[in-house]
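Read from first to last, the chains carry the letters A, B, C and D; within each, the first residue is number 1.
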Amino acid sequence: MSNDPKIWLAAIMSLGIYSYLFKENPFFRVCEHLYLGLSLAHLAVMGWTNVRDLGLTPLKNGQWSALIPVVLGVLLFARFIPGMAWLSRYSLAYLVGVAAAVTITGVIDAGIITQIRGAIIPLNSLNAVFTLIANVTAISVFFFIIGSRGENGSVLGNKTFQKLIDKSALVGRFILMVSFGAVFGTTIMARLGLFIPRLKFLFGDWIHLIPPVK
Amino acid sequence: MKRQGPVLVAFVTGVIVLAGYFFNSQTVVDMSTQIVRWQNIVAAFALALGGVNMFRLHGKNIIGRKKNWVYSCIFMVAFVSYFVLGVAKSTTSAEYQYIWQNLYQPAASTMYSFTLFYMTSACWRAFRIRNWQAAVLMVTGAVVLLGQVGIGAAISEAIPAVSAWIIDTPNAAAIRAITIGGSLGMVVMSIRVILGLERTYMAGRQD
Amino acid sequence: MQQLKQTHIIWIVLTVAVLLPLIFPLKLPLGPSPEGEAAYSFIDNLPQGSISIMVLETAPSNEGELWPMALAVARHHMEKQHRIIMATFVPDGTMYAEKIRALAESDYGYVYGKDLVILPYRAGGETALASMADNIRAAYQQDHYGTPLTDYPLWADVKSIKDISVISCYTAGDDHLWLARHVWAKYQVPCISGNIALSTPEAIVYFKNGQLVGLISGVKGAAFYEQKINMPGLATQSMDAQSIGHLYLLLLMIGGNIVYWKQKKDGKNGKQGAKKNV
Amino acid sequence: MVQGRLASLTLLLVLTGVLWFSAEAFKKTGVLRIRRIPGLDAIDELVGRVTEMGRPMAFVLGGTALEAQGFASMRILDYVASQSAKYDARLFVVAPLPEMEPMCQEIMRAAYLREGKVEEYNPSDVLYMPGDGSKAGVLGLYQREKVAGAMLFGNYYYESMLFAEAANLAGASQIGGTANYHQLPFFVASCDYTLISEEIFAAGTYLSKEPTEVGGLTAGEVGKALAVVLMIIGSLLATFGNDSISTLLTK
């Protein structure tokens, strides 16, 4: 067993949190609130460091343009003041406006154009043909208007075409399910990946049951 | 002022950033990078919002001596003292790092490892083959699951091979479809935000 | 109460099943990983002195998967004497960067400022990464410790993102997409994604499109990388436990379904939940 | 013009144009030609089944921030609330964010008002359960109220598995919907019906009939159709050694 107080501290904290799995209890509550306080404080400190380095320091050095983001940032907190809450909309508008434009610049090429280009392949093997069919049918699952036969009639008005879309969407759903299966299978590794290091800490670093890595 | 102003802000910033992406003009590119950089500062302020929210909530608990106010005290002490430590002595100080390494880090990683436990009991109780879609999912899931780890290869060499093919071919096609559809959705939503047609971010009774 | 007891038994068995192979390793095979191989050989072929950026999006919530791979790639860079810049867009990232710095200084004789620099955390996620890509010198003026970056010889060789030989990320989020969008699409700087296994079904498409030059997937990818650089570590050690854990969950799923179908056949199932759907 | 961004700009302009014109067209005609989302039929079926059994149902919203999925989900809630008011099925709503609670209450009240049963609406049926604490709260709700049907919509993370199991313990049927692809497998495996990614937005648009949303949906549809056409023609041409489509896309 370890005699390092650091390890003991971390071990007690871990056990406190795990105790919840058996029953909600005061030990867990203490650890939980401690954790919550620390994590939010850490976020706030990191935010503060950014504000200081990117906003306040330039201001001190006479770069007045830094006033704009600092004011917008302060306005975010206007939502806590009754009657002034609408001021925070300006900051939100700035955040969402920039985020929207950055999203467009990001995904329009990488998420659409390059994806289409990636799907264009010479059909010189069975696998290539299958890939194209899979690509096309999977997209057709999300044809909501072209595939419509709703109460207001169809857009294209051709029965054969609609049957084709229906069939294609059915195959597409199959492809999607195969993909979700793959996601399912890989998720377990992610979840175990969180638990195993905890076990290694508790049974290795703390009580020395697991041999250390060479 | 209360509604048109913010819409204008979103429109102007959005259009400048877009112009900076598509066109070569140095002035526009400079403005665009400046606007994006400012956004990071505003986002840094936003980090504190969660803290302020919880600070108010627990503060009310303590003042009103509500149920479990003792735990709120623990939150307060942890929050305030760690924040002060971080601001006064910086995050690179030994004290700050000590608390991060030995209290925060173990608590956080333990908390997140709960997901495995939930998943394990859900495997036993909730993941059922109810229809053909679930059947397809679970069969491919089982193959990929085994293909991910050594035990799959130990059972049969074919398992990792099939698993890799599933991830490479049908899965890639499906994800590509979802990516194209999702990206189009994001672009369209962003256009609506920039043009001021989507204003849900202004929701709430603030007028 | 009965149900709760059953749940606890399931969990206790899980813990024991995963713990045993950690104490008594089985040494199961690992299998190939072409995308991990691509990442390895790309880094391996970079000349000495190349500058790389490691984007450490690591946090306690995902370090089990991401930290071993970040460590393995960092070691590889150091073996090849590449210069390393570490950046992060999550608040916890710098803590891991400091661990890498400590290792670099103690085991590889790296000098901070000359061979390695830690950039401060930046809020804003995708937009922060985009501003790094667009103009790295404007986006960062000081390092993580508040020293002006112009004081460091390493920074003199970084005029723009195009001076970087490779950018790798270690992420449980969408950084691999952000790199493809803002670094590869705009500036053609090669990118490698180290991501949690769960993101791989998505990231693999970007690898196949050529938007990423390499991909390290979860603990398995990390273990593969550790073996490539001949330094078995955290990931290699946990692979057997992963194997048993996977098997246990699979058995639970099969068992659960057998019970379900049996109940359905006997008509004991309280609800008619198994109706057919489209 | 920056080299290599012509295709992107063209696409962006086309999408904006389609969005605008189809929104205007919808404002004039009011005719919506859209496939009925099968998930909505499943909702009707679930409401019917719950009514027959005389037990309540729960609508659990997911999310860590108020964003697009949350709004689409609340439009679906609007529909579910109407249906349950119509058939006298008791509906519990779980809101994970403080901003969502008043919104959900308003939606519920309006729905009961539409069905002329406003006096039957009980505001305390909308529960605010934030953060990780909520996970246990939902479990308790299912057990206590003997919930027979559960609907999970929104920006879900790992809690999808926990709720799935809880519903199973309570013997409740479930319908799920999210655009987070990493949670979709768990919804498909544990729910009787799942709305997959874009379907929740389409369902939201179908139910809200807001013109610019209809325009957005149409624009997305045009984009997808274009993608399919380019893929097929491009691949056929590439088979015969002609890569003009790929080249066009790099322009």
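Rule of thumb we're sticking to: a contact is a pair of C-beta atoms (placed from the backbone, for glycine too) under 8 Å apart; a residue touches a chain by one contact, two chains touch by 3 or more.
Here the structure is a predicted model, which means the values were calculated and not measured.
Legend note: the chain whose CA centroid lies nearest the centroid of all displayed protein CA atoms is A. Inter-chain contacts peak for the pair A-B, counting C-beta pairs in contact. Taking the mean of C-alpha positions as each chain's centre, the chain lying farthest from the centre of subunit C is D. Between the Cα centres of subunit B and subunit D there is a gap of 19 Å.
Chain centres here are Cα means. That of subunit A falls 14 Å from that of subunit C.
Residue positions of subunit D with contacts to 2 or more other chains are 5, 8, 12, 169, 181-182, 185-186, 188-189, 192, 197-198, 223-224, 227.
Among the residues of subunit A, those in touch with two or more other chains are 21, 42-43, 46-47, 49-50, 98-99, 102-105, 107-109, 111-112, 115-119, 135, 139, 141-142, 176-177, 179-184, 186-189, 192, 194-195, 197-198. Residue positions of subunit C with contacts to 2 or more other chains are 11, 61-64, 91, 122-123, 127, 130, 146, 197-198, 200-202, 205, 208, 218, 220, 242, 246, 249, 273-274, 277. Only residues 33, 36-37, 39-41, 43-44, 46-47, 90-92, 97, 100-101, 104-109, 111-113, 116-117, 119-121, 123-131, 133, 138, 142, 145-154, 160, 167-168, 171-172, 175-176, 179 of subunit B touch subunit C when the two sit together in their complex. Those residues of subunit D whose C-beta lies close enough to touch subunit A in the complex are 5, 7-8, 11-12, 31-37, 136, 181-182, 184-186, 188-189, 196-199, 202, 217-218, 221, 223-225, 227-228, 230-232, 234-236, 238-239, 241, 243, 245-246, 249-250. Those residues of subunit A whose C-beta lies close enough to touch subunit B in the complex are 6, 9-11, 13-14, 16-18, 20-21, 29-51, 54-55, 65-66, 68-70, 72-74, 76-77, 79-80, 85-86, 89-105, 107-108, 111-112, 115-116, 118-119, 127, 130-131, 134-135, 138-139, 141-142, 172-189, 191-192, 194-195, 197-198, 201.
By the touch criterion stated above, subunit A contacts subunit D in their complex at residues 24, 104, 108-109, 112-113, 115-117, 119-124, 128, 132, 135-136, 139-155, 176-177, 180-181, 183-184, 187.
Subunit B meets subunit D in the complex at residues 18, 21-24, 111, 115, 118-119, 121-122, 125-128, 130-131, 133-134, 137-138, 141, 175, 178, 180-182, 184-185, 187-189, 191-192, 195, 197-198, 200-201, 203-205.
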